[in-house]
């Protein structure tokens, strides 16, 4: 288990941070979050072409760099910090990793190269109405039809589900839940959701006899699906930690310069103690997510049996940390933190949204309790 | 206009008769649903307030000579209970709650005659001009200046976080007339015509995406000296005009409001089958505990005022209790709803038109506006518990 | 509903406070808490003879003053504040009120006069091993035997159960739970418990065919027993509020005089904010318990249907408040608060103990949830 | 005595061989159960430490010339892991953890030769004399004085909160040699013979009812100037001697300890059927989360030290994390057990000999001793985050 970073990894972090500071500063985030597309396609292309970020953690045989969840986590942490609006989490971390661990060579061959070079995007559709990020809650059905399958059901809160070229849909079969690839508009209707976080697009997807291809090797009972869900949780947790760190940084900076009663507000104990508690939580969240990313890497290498535990732990702790940090950031900034112009609310909305998309902290803890035998 | 008041004077009417009479009026004349259109809504609101006034049911705590009802405190409480129960719109702007008591206490007879009646009738909408971008919690450091020129002051500067300022007629404003370092000792209280040349009101977009607050810019605005309340450089104590009784009644209103909200949240939880989860039940029960305590505390404060003439220490912590409660409640509601709780008002699938997530955002202001929760705790500690001031703080 | 006090009630509070300051200061509490008896019999007599406290809230026909739970609450608040070690809660508030609401004239005639004049004490035995302050948890059985009944079972955490002249025991009958009076040693073995709070004696009581008299009017299915339990919870909540107020007072006083870094620690925001939060909780707890006492008074007068709700609410909130106040008092006092010599730990132990004796806060909330239809 | 060390030098032994050799020693020579009697227990403890030393397994981080093992840091971690796993008693007193690094850094060669070996072997027990009744969190205000008289200092004053002082041989003590107002600039670091005339050690009863701490009274105690570490009036920087590596290893030990404790608490909850309650499960899961994070953070700090030579900011918050964790954990355990959780060790019906309620009391000290949680937060904010100091605080 590695909990510290190599020089190469630190260099990756630095270059992603530079890139995002340059290409996706706050003004750009705000411009694109209010746009139709929701993100800057030029930046998306540059990410792929200049930095190769989309392929960084995807297999070399499909054009990727073959790194793993640790490096992906570094990238996501920086994207969370910059609040980058882009289909990176959805297409690369969720769908890309899902394909990569599917064991289905045909599917990988067919879709990974496009994800890797950024020319195509994919989304992972798990949640349904009234359910959350679990296999148990899936009611969408898949029935064999001709050479392929037909899907019937409704998926919701699909991240970037409105724009993705490929939808990877978890659906029930007689043999249990499995993953299906849906392309094209046949039997698929997508509608955007108007939700809290303006920097992330969510969609409602209705499937009516939608033609689909099963993803996963023949005979496999989709045992890897739990990994798919857990890898998504770990990826989101990395983003959350980056956002929490950004909140802490904003708060500390502001507390140093904002003067009230003739002194910087950071000289008041109330502000100091808030910042100290944020640091404690941010550092603890880093421990949780670096461990989880490290276990995820082992999992991809065929070991890492602790992944469900590590993911549940990171999901529970990092969610809470990010929301708390964002709330404190608004509070420490006072009136200015309540304005649309300041970024505090963007972090708050991202954090609160992320906290609930893949299961609330209590749900993660409940799963953890079962996993560790409580 | 005061005819209806004197026709049934308080001394011949029992409390319960008064309650019945008020309830009947509010039921019979209920203005119905507010029009969706903002401008129409304001006109509708104004018409209601005028009708209320004309029937003798406005300004329960204010003197009759200025159009108020001059009710004894117990009857003010009844008034608030019935008003709240009827779900009719309250005053427009913040004049009645904040500026009016100041005027009554510090205004000249001419000022009271001129300003109070149109304010109480709702003909003129008042908004506050206290906060500034640089002077947040530290109000005594405000920088908007007023320079005396003959019979006028010339006002320059910027205010922020002004609710209702975008449609107000009068801005009650704190300005600096002393030296830049004069702090509390160089502040003057002015009533500024919001329509005067040089006044610009700009809506301020907040984190909810809405514009509930404005910024006000004063560019060489001329204000008659006659519009000064109190003496020059002696405006600071006016800010602290005790709202004791109003505040107690306000706390009761909040308690009644949140009583409804908790009931609605519980109903929502049951409707969605969420109360099967003991963690949800425990939290809901905790809100039930707190919302009931909110009411008991309000009653206790009122009972103390009635029996001893002043509220006990419980009144000092009411606001902190309520603001943290409303933040916790709305955030919990979103959490309880899970991802569905994230959908905003505009989404057709949103839960109850996104009220909970909207409240999650808007209640962030609860612990910031009108003194942050941190400043409130300082004040409670120093003024109620008598703890010593921070030696590095400017004198109060 | 009355939530403020009359001049007469304020005078009662003042005289009880004076009496306790005089007769039961900290040194006396410490002396008696380490004694065999656990309390000062002379003070107990003076309480009865000079102030008539034991009879204050008990019916006039048995020698009491006929006041009710509001006045009793005032007395208990002051006793909580002073940490008085005495069988007052057990004998007067628990057993005395139980008899008073039993509707059983014979029982009242037989036992109330002794409780009222302080010559005899009584205890109320409800909890059993593994259960708490509920009727549902009672497994002790009562079977008719001759003119009376025979009790079989084990009661625990009986407040002052070791020294009480009379034990009022909740036991099961074929018709449901009922209250029984046990006097004498026949079939009864009592052993003291060594528990957290040194200022309150607890006992473990084993009943083996213990002869008992049923308390309660013939034919009644002991419907008043829920009131008995609730009156106890309200009484304890009053004590808790008094203790919490004492903690706040101690903390504020100390924060004014203790100098660190050249200034009183009360000038630091961290301490100020702790004290402000304590005040908020103490005042809120007062609202809860004054309401509960007021509802209890209505209940005794035949109305007050909200008693179960009011008691559960007060039990939940006041318990938490007292424990929090006591923990903060230790913390604010720093090293000195950790010494045996300072009273902070006595409040902490009393508060933690009281929090758990009649059901933990979460149990009160669970009951409240059911009662209000959550 | 150093024979066994040189027989298997680190450079010819792999980490795993070292681990195996240490584990074998600790297993084969495990001293068994500590005698109940306090005095016997201390002698037993001393004998174990001497055996450990004589086998070359004492003082992992200290130079060999003074009897230590001089292990590279990775191997110190292995040492701590195995030591902790074996559940054998650690050092007596607080010398090895606190005074020894100070001596190594600031002591003269003579002092190191004289003091380190007997300390590492456990022949001499060391206890700290820093805190005073009036100087709690504000250590620079300490008042115990040392007056120079020829080759001696004459020490007068009182210390408090001294663990192990009741059986210590040497007290490492801070005394004032400057003016009463000199604060950090007038403090000197002295090693005082605990058996010298004028030293009185009095056990201090704490809230647990036990005597884990003592008070120390100095009444004209003569201390040779040779026992001064560093220069006169320059003792203050010695207090801050970085314990970096030891602290990281200590945090790992705590994590390992609490790993066991959480497992035991969970087992207890299951045994009593309490995990059926989702509220209990949720809390237990939260402790599971936190105790695992404690370990990951420890590993992360160690990994940073190994790879970069210094710990990151995570090391600054470890103590706060652990102390609040241990308070929450013990209080929750009592709550979970309900009234049964109130029974003390001496009660035959107590749950697990009252360990949880005992921990509830003793962990109250966790956020007080060695700097309150409030002071810790100040320090983190100022020294790690760079927030400005309170202008009304004395300079650091």
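By written order: A, B, C and D. Residues from 1 in each chain.
Operating definition for what follows: a residue touches a chain if its C-beta (ideal position, glycine included) is under 8 Å from a C-beta of that chain, and two chains touch if they have at least 3 such contacts.
It should be emphasised that the depicted structure is a prediction, and the values quoted were computed from it without experimental measurement.
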item: Chain pair, A-B or B-C, that carries the greater number of C-beta contacts; value: B-C
item: Centroid-based (C-alpha) most distant chain relative to chain D; value: B
item: Intercentroid distance (Cα basis), chain C paired with chain B, Å; value: 42
item: CA centroid of chain B to CA centroid of chain D, Å; value: 55
item: Inter-centroid spacing, chain C versus chain A (mean Cα positions, whole Å); value: 53
item: Sequence positions of chain B contacting 2 or more other chains; value: 278-279, 282, 374, 377, 390-392
item: Contacts with 2+ other chains: residues of chain A; value: 263, 267-271, 273, 362
item: Residue ranges of chain B in contact with chain A within the complex; value: 131, 133, 136-138, 141, 160-161, 204-207, 209, 272, 279, 334-335, 338-344, 346-347, 349-350, 357, 360-361, 364-365, 367-369, 372-374, 377, 392-394
item: Residue ranges of chain D touching chain B (in the complex, touch as defined); value: 277-279, 282, 390-392
item: Chain C - residues contacting chain A, complex; value: 268-270, 273
item: Of chain A, residues touching chain B in the complex; value: 127, 130, 132, 156-157, 193-197, 204, 260-263, 267-268, 270-271, 327, 330-331, 334-341, 344-345, 348, 352-353, 355-357, 360, 362
item: In the complex, chain D residues that touch chain A; value: 266, 269-270, 275, 278, 281-282, 284-286, 288-290, 292-293, 296-297, 299-300, 303-304, 306-308, 312-314, 316-317, 320-321, 374, 376-378, 380-382, 384-391
